[in-house]
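Several structures are given next for inspection.
One chain, chain A, links the two complexes that follow: it is found with chain B in the first and with chain C in the second.
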Partner chain A sequence: MHISEGVLSGTALIAGWAGTVTCTAIGLRKTDTSKIVRTALLSSSFFLASLVNIRIGPSSTHLSLLAPVGLILGWSSFPAMLVALFLQAILFHFGGLVVLGANTFIMGTPALIVYVVFGKMIRSENKIFSGIMAFISGALAVMIGACLAGIFLGISDRNFFEAAKILFYAHIPLALIEGIVTSFMIMFLKRVSPEFLS
Partner chain B sequence: MITRIILGLAMIVSLYSTSYAHGTGYRQSSLNAVALEFTYSTGEAMSYREAKVFSPLDDKFAYQTGRTDEEGRFSFVPDAKGEWRVIVRDEEGHQCEAKINVNNVDDDVHAASENLQGMELTVRAVLGVSLMFNIALLIRRRQNAHQ
Partner chain C sequence: MKIESITESQSHSDISPEALLLCSIVYAFTVSMSDSFYALSFSSVMPLLLILRFRFILSSLVKLNAFNLVMIITLAVTWPSLAEGIMKGLTIAFKVNMIYIFFGTLIYPMGYAKIFSAMNGLKVPEKLRVLLLLTLRGIFILHNRFSSALISLRLRAPNLHGMMKFRAFAYITASVLLQSSERSESMMYAIKSRGGFSGFIQSEQKKFRVQEVIACLCFMFYASAIIILNYA
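For the complex of A and B:
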């Protein structure tokens, strides 16, 4: 899901930075500094998840953990992802610094959407219901991210429908895996450390 | 009679020549090619990805296009001195650009790889996590100091 340097047009880069700066500013305001270590933990998980490769047929992809980060951190997921993506660009050469705004927006927005839509549902007392909701949120976050990446590639004068179609289909297996991982993570946290989801 | 035989033979020869002109052939080239291996930062090969080669003489139109092989390899034969660019990208927006300085068209090809070098990936991962936690602890300490 990381878009590399030199792929996006100026318009797409500006749009990405505008969205990221706005959402990060809101995120920083809403971040509770007493829970900053939790933010760092989720940011680290997101940072490391990109190293977990999943082989799908002739191609492969990596975990993103968009939904767990969003569901647990809420608005703080934007600054958490910005830091993680910055370090990924510097240390792993994933994405890049110029395209950091677009990449943060592409991955931060799905995290925020699943927080707004599923945030209360996954905190439900009914374990089965919250597990199913966590699965849906995990899968949905990946698909939203793929669609956003397609839109950014489309803005950059590339064949939008082709790019969006390829990205959409390529991310379906990852969406299912992310759904399962998210469901397990949320169920585990609810059982072991419910205060983590507070 | 002889004239008809000659004309007939000429027609057969001409037909044979025509069909042969559209045939195919090959020979083993002794030219020096630039062979590159493209990988993701994790070390995984960029298999079957779109590759474009840009000559130092023409930066707009690709000198050669194609796809990498299963191991992420791609090769081309430069025909001019200068900096050649090879761009490999996938459908998900990942892109790797290799810049190759060709000093001699026949030999002496120096590749400037942009792949991950130096510190091992694990060390970089540990460094990243360590940085994040240290930043968090720094913010927490400052917060506690203010209270």
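For the complex of A and C:
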């Protein structure tokens, strides 16, 4: 889902940075200093998840853990994504510093949306219900991210829409895996350490 | 690249990290926004000079262009016209190369410590810088614990498939997060007992030297020339 340097137009870059700066400022304001360690840990897990490859047939993909980050951190997921993507750009050259705004917006928005929509549902007492909701949130986060990447590409040039469609379809298997992993993770955290989700 | 090797600084520049970071970001924005042939040709002058000075970048450019080739083929297939798709792909590949040479020679070899110091100089909010440092620390901790957990999983169950594999991965991630969270919470208490975040990041606020101001001004003229050529 990382958009590379040089792909986006000036309008898309400015739009990405405007959204990211606004949401990160809100996120930082809402992040209590006592929660900054947890934010950093989830940011690190988002960074590391992209280094773990999972085989799907002849190809392989990597997880993003967008939904767990969003469900646990809420608004703080924006600064967490910004920091993780910044480190990925400078250490592994994934994405880039100029497209960092757009990439953060693409990853941060799904995390925030799943927090707003599913945040209360996954904390429900009914384990099966919360497991299903965690699965939906995990899969939905990936698909929203792919849609946003397509929108940014479309803003840059309308002819990118065909490539964006391929990007969207390519993310469907990843969305299913992400949903399964999110569901298991949330169930485990609810059982072992419910206060981590509080 | 291995996680352990990311801390080393291999910077060869005498100019301050703040000035380099600022100039590189301005350059990357300028190139990203340019589409005209003359503007892009002129923008390649400085990266070509940088290649002559820092030849180590050439090997990583090969890898980068292997990825670019896939991107050009994708655009050629999906664009309304084949020729236009290839042209668009080549333009993007050119921009990616120019930006990568700039960042790859001037910014990435600095190492994280100098980049953090540059961020301090560029007045990035303290909370974000603390988060950046704690995230980097978290990466090392989680990476170590995660690697050990994966090794033990492979020893106990070498042929995990399907749902079991995803469940094992999810449980490992969640348990590593919980373990590290406990340790990090105690570190947080230690920071608080020492007086909070004040002085957590010790970095000197430096002023730009005369030669750095001149270098930045020259660079701004260069970037302005690219913009003018793009709209001329």
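Methods note: the second predicted complex is superposed on the first by the 190 of 198 C-alpha atoms of A that agree within 3 Å, B and C clash if a C-alpha of one lies under 4 Å from a C-alpha of the other, contacts with A are read in each partner's own complex, and residues count from 1 in each chain.
In this text, a contact is a pair of C-beta atoms (placed from the backbone, for glycine too) under 8 Å apart; a residue touches a chain by one contact, two chains touch by 3 or more.
What you are looking at is a predicted structure, and each value in this text was computed from that prediction instead of being measured.
**Student:** Would you check which partner chain A:94 touches, where first means chain B only, second means chain C only, and both and neither mean what they say?
**Tutor:** Touch status of A:94: first partner only.
**Student:** What is the contact status of A:143 with respect to chain B (first) and chain C (second): first, second, both, or neither?
**Tutor:** neither
**Student:** Just to be sure I read the superposition right, which of the two partners does A:3 touch: chain B = first, chain C = second, or both, or neither?
**Tutor:** Only chain B; A:3 stays clear of chain C.
**Student:** If you stack the two complexes on chain A, which partner ends up touching A:170: first (chain B), second (chain C), both, or neither?
**Tutor:** A:170 sits against chain B, while chain C stays out of touch.
**Student:** With the two structures laid over each other on chain A, which partner does A:37 touch: chain B (first), chain C (second), both, or neither?
**Tutor:** both
**Student:** Contact-wise, after the overlay, does A:13 reach chain B, chain C, both or neither (first, second, both, neither)?
**Tutor:** In the superposed model, A:13 contacts chain C only, not chain B.
**Student:** Looking at A:153 after the superposition, I want to know if it touches chain B, chain C, both of them or none. Which is it: first, second, both, neither?
**Tutor:** first
**Student:** Tell me which partner A:84 touches in the superposition: chain B (first), chain C (second), both or neither.
**Tutor:** A:84 sits against chain B and chain C alike.
**Student:** Can you give me the overlap between the chain B contact set and the chain C contact set on chain A?
**Tutor:** On chain A, the overlap between the chain B and chain C contacts is residues 4-7, 33-34, 36-37, 39-41, 43-44, 47-48, 83-84, 87, 91-93, 163, 166.
**Student:** Given the complex with chain C, which residues does chain A contribute to the contact?
**Tutor:** 4-10, 13, 24, 28, 31, 33-34, 36-45, 47-49, 52, 54, 63, 65, 79-80, 82-84, 86-87, 90-93, 96-99, 157, 159, 162-163, 165-166, 177, 180-185, 188-189, 192-193, 196
**Student:** For the complex, which residues does chain B have touching chain A?
**Tutor:** 41-42, 44, 47-48, 89, 91-97, 114-116, 121, 124-125, 127-129, 131-133, 135-137, 139-140, 143
**Student:** Quick one: which bits of chain C touch chain A in the complex? Just the residue numbers, please.
**Tutor:** By the definition above, chain C touches chain A via 1, 6, 24-25, 28-29, 31-33, 60, 67, 71, 74-75, 78-80, 84-85, 88, 92-96, 98-100, 103-104, 107-108, 112, 115, 125, 127-128, 130-132, 134-139, 141-143, 146, 163, 166-167, 169-171, 173-178, 180-181, 184-185, 187-188, 196-197.
**Student:** Name, in rising order, each residue of chain A that touches chain B in their complex.
**Tutor:** It comes out as residues 1-7, 33-34, 36-37, 39-41, 43-44, 47-48, 51, 53, 58-60, 62, 83-84, 87-88, 91-94, 149, 152-153, 163, 166-167, 170.
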